[in-house]
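Take a look at these structures.
Two complexes come next, and they have one chain in common, chain A, joined by chain B in the first and chain C in the second.
Let's look at the complex of A and B:
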């Protein structure tokens, strides 16, 4: 570059400013890159599909009063009423749903004698309507038949002979093989079960448990002791919110000896289960924006100060033949050099910060392009910030140099 | 007499000089309103970011029961699978089986002890209740022992806890909270009256005044930031009525069928706390616990090596990582952000003081000492700090409203208290003065002759 030497020698004379702006740029780069990386990780987490129809579905719970509450009869009565309700596409009793963050998990073993399970799995206990109500897609094998559905109580130890599982779980248990007809154990002390169907994707209820999130098994049983039941309903498109209110009212009407509660759309469950991630993204976004504003304002402030301080020198240079463009370029180039110093330090800081996060918070390694992209952004930010003061400098006339300030 | 007079003059001089510097500082700040606004806004933003995240961090990780947190201990025993530790980090189980809870309650070796678990309570208000119609509703309750109240000290509005005899007899008694009492009895003294939970009548023995521990430390497994329970009932009563735990239930081994099988299983679903009033008692309880586990091993339970732990409240909160990782990262980032704001302020103050070189030179020439000039500029920096702190406080309040909106569960831990207000102001002033030190020092290096010459 044409005027690098005078710029450098001028900078060396005011090392303090160099250090201050450089430090600010360095910290900004480190924070912005790592924050953006965390934001993108959270966005990726939230973008994973659950495998079910989330727009039309909702759940509602019912708790009967008293130890002698007849849950089986109540479920049968409720389902008969709900299935006849216009605007309801399908309904099933189910113990948990994806995105609900609460449910039942077990270990799956392939061999009776193995010491620890091959894979964990979430268990969805539901009837033959369950998968259709969820809107999950069966890609191999078949759905349950009505005669396969039984009740599950504290007395039940054995698991039904035919179960459906998510493709991810089948791939984990039998990589590269056709899982239909393969047998496995949920309880090694009981008879094994076999795979009768595969759903394309069905997330476990716990979206933040990486180990189990894609692994789920559907069991043709309905929990029938205790007094609690959860229904999953799929409304006709566009009718969900209206149906939520209707279903709640109709259930309460049908049997007043219980509490009907917690009608929630699956979309609401999704918002709740990812609330912390969303909050983190928003907070980091605010931090990034504030940081860029502060840094830009800082550059404007410092550059203005330099322009004022060097009015005489600028005037002298103008008198000696420097064009206005040359003055402008001088300040732009000076900012570029300072920013570059800061970015070198910032690159080290950014990777250091990432290493600290990896060590303490088990985050992933930041992809390589974050730091270069951050550098380009800060170079641009610096140039834009310094443009105002630099243009003011370029308007200094030679005559002003001879005037006292 | 003479020395006192002199002392007083000196004192007066200092105060008047301080007032003078303050006036000078304010005047100087008014001279460059844009630069001043930039500095105040910068410090304010830095303070707001760090105080917002630090408040959440401080309240989440802070001691929820400071007057006795070192005497309350969670009890952990390792009843887990021989082949696999309870969790990836090798920690001991965070809850206890029913059999162990029952055995430790019976042994009663601690000063106080309470096993407990979370239950769902359908509350059925009587239809004729004071002429008001309240529909049945579902609340979370806690089944525990009488010692719970003596250990965790929730304040009572009416009545008091149930007693040990009622524990032993599985009595149908309950302690309800102020909120529940408001709903069921319109806030009247309801001790001796009956309430209906899940078709069973209970006699109210006590009503709590408002009680919301910031962090529900006695049951972090089922949500450390959830609301306090609506009602408490004896553990033995809940077991007698076969009330299921609605909290987390972890098993490594299949249970035998039925309710009895569930109670006898290796599933963990109760929390167990003890109060130990001295170090000796803590040591004694630890050896009792080890002996208990060793004894159980002989009977074929506890397949893992003997491991027991008695963390106190604060150790427990740290062990269970109650402060979320996100909050820790946010605190780190916020303080880095404050650092950026400070560097920014150093730069801007430097610019400001340097611009005043002429004035400084003049004052030096007229006899002001370096020390006086140093003080004057430090006061000016402090003025910036206080203004920044006030702006920061306002922004922190706004930030905490934002945090409460973003995190539904943070209602009790995203609140500014007086300590935090003081910390914020102090941090702002200290930061600004720290940021002002170098520019002030530079300003004082001005040579009067050099400056005056260029005028």
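Let's look at the complex of A and C:
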């Protein structure tokens, strides 16, 4: 026995409170839905796999000093030592790693004469141990052979004949075709390279560049000029942190003519590269929680005020035959009506807000179910918030009809 | 119709016990118009509230229309109140945010009548008190006397067994009070049973029977000498 019609017409006569609470509910719906959507977008971003073993891997850098520092010799010596180190599963020299937010990129062209490249790509320069050290999975073709590895200097213009690329890049270059053996140009002035292997997935270092994040090419070369080298190591399971310390110490010990620095786990790189996203999620989470709490408190406050204000009216209704349940339902129904008003306005506001974000911040369109889910949540919130005051109302004695002034 | 035997009511606060009613016995018959008088604080409202099932009593027994109301739970009391009792309050107690139609509708909705039945009853009741033309008006747009008429319509609409009125003219000037009193007399003439608390000896004198309450006890019940023929005939017709 819902008395929606008289409740509605009574509310229409106290428009100020209706508008105030309704507006609060509308804003809450709009902001909560959009914030949740942004949170879920960021979470989806963070949940994309990088394609590598992140738990056991770490990187460490080495900068040689002194005029007679020989990078090539130093790398050979370091790798020989590190590969013999118990607790290290594999190690390679590499120019960049996923999640590091820094590295090399080039455009790939399929045709010598094309004006602009077909796709961008991140370039990972490493040896035949590189993919194994990363824990990336070769799903077609083969890995590099030791004899294919060469050095790369600033003067190198040509690219090696056989390269490995991520499946996403291959799919983009040759949709629906077998990429193994296909040729392409990193530098159209030079001889083309061919695809010899495909890794399932290998993220580019820049996780926030949607256009290139899944597109990577692995080159069988080690940077051999300058004095800096970065090693990527994969420790035996559970030994990463211990190995990080030991590797730093051993490298320093092995060749005191350089500085060993920046030992960092890939997990740390991930935490750093997504720090802003995580902060955003936390802030929005706090905003959502605060809005819901404030709205609930607003409803509790307003309803309590109304119960106090209408004590005599409630007593009269009781005297006229309302059961306690009927009074309780009256306040629940009244809250439902007010909330519904807010939610209608809030729905428009939520979609408007999303449209604005789409236009100004390249946000995606919010999936349809966010607003209905938000409405149900706020209806429930409203009912729960009003339950206390409504119960208080239901306990007003019918004698208040004659006893109160 | 309404029968109380040795009824008592004690209000307990943390400091004092107030014996608002003691050894209170009364029998109101069908079709009677009873005026309850007595000094302030003597227990008149307490009596009316208990009669109307708004409050519990401490001892004794009470039969409303043959039903023993002792130990009844709150929901059952609410339903009984809704069905058998029509209240008229000193302060009218209309709901300010509802128009006259919806005000009269309030007890009918609790009764669970369907929409058509409610509409018929509301229109009949408002017509009976002469306010048919103003169903869409709000209480604040009416005079006090008119508001009390709406309250009477609301009390009548559910066809109760008895009308309970606590100083129904207490908030009205003489002119309006006379109008309301006249309406009550007419209703009585049509067969209604009315129990009315009043301070006004003149109004009390117009009732069929007077009950005087002092210090929570009925001291003196005397039948109204000038029994109006019309009332008796109508009452008999209504219950015969």
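Rule of thumb we're sticking to: the second predicted complex is superposed on the first by the 399 of 405 C-alpha atoms of A that agree within 3 Å, B and C clash if a C-alpha of one lies under 4 Å from a C-alpha of the other, contacts with A are read in each partner's own complex, and residues count from 1 in each chain.
What we mean here is this: contacts are C-beta pairs under 8 Å (C-beta built on N, C-alpha and C of every residue); 3 or more make two chains touch, one makes a residue touch a chain.
Values in this document were obtained by computation on a predicted structure and should not be read as measured data.
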Between chain B and chain C, whom does A:320 touch in the aligned arrangement: first, second, both, or neither? second
Where does A:74 make contact in the superposed view: on chain B (first), on chain C (second), on both, or on neither? neither
So, does A:38 touch the first partner chain B, the second partner chain C, both, or neither? first
Answer with first, second, both or neither: which of chain B and chain C does A:398 touch in the superposed model? second
When the two structures are overlaid on chain A, which partner does A:347 contact: first (chain B), second (chain C), both, or neither? neither
Which partner, chain B or chain C, is in contact with more residues of chain A? B
Which superposed partner A:27 touches (first chain B, second chain C, both, neither): first
Examine A:308 and indicate which partner it touches, taking first as chain B and second as chain C; both and neither are also allowed. first
Identify the overlap between the chain B-contacting and the chain C-contacting residues of chain A. 405
Could you list, by residue number, the parts of chain A that touch chain C in their complex? 1, 3, 6, 9-11, 13-14, 312-313, 316-326, 397-399, 401-403, 405
Can you list the chain A residues touching chain B in their complex? 16-17, 20-21, 23-24, 27-28, 30-31, 34-35, 38, 63, 65-67, 115-116, 154-157, 187, 189, 226-228, 258-259, 261, 272, 275-276, 278-280, 282-284, 287, 290-291, 294-295, 297-298, 301-302, 304-305, 308-309, 357, 361, 404-405
Counting only contacts in the complex, chain C reaches chain A at residues 45, 48-49, 52-55, 74-75, 78-79, 81-83, 87, 89-91, 93, 95, 97-99, 102, 105-107, 109-112, 138, 154, 158, 166
Help me check something: in the complex, which residues belonging to chain B touch chain A? 35, 38, 41-42, 45-46, 49, 81, 83-84, 120, 122, 124, 136-138, 198-199, 241-242, 244, 254, 257-259, 261-262, 324-326, 328-330, 333-334, 336-337, 339-341, 343-344, 346-348, 350-352, 354-355, 358, 403, 406-408, 438, 442, 454-455
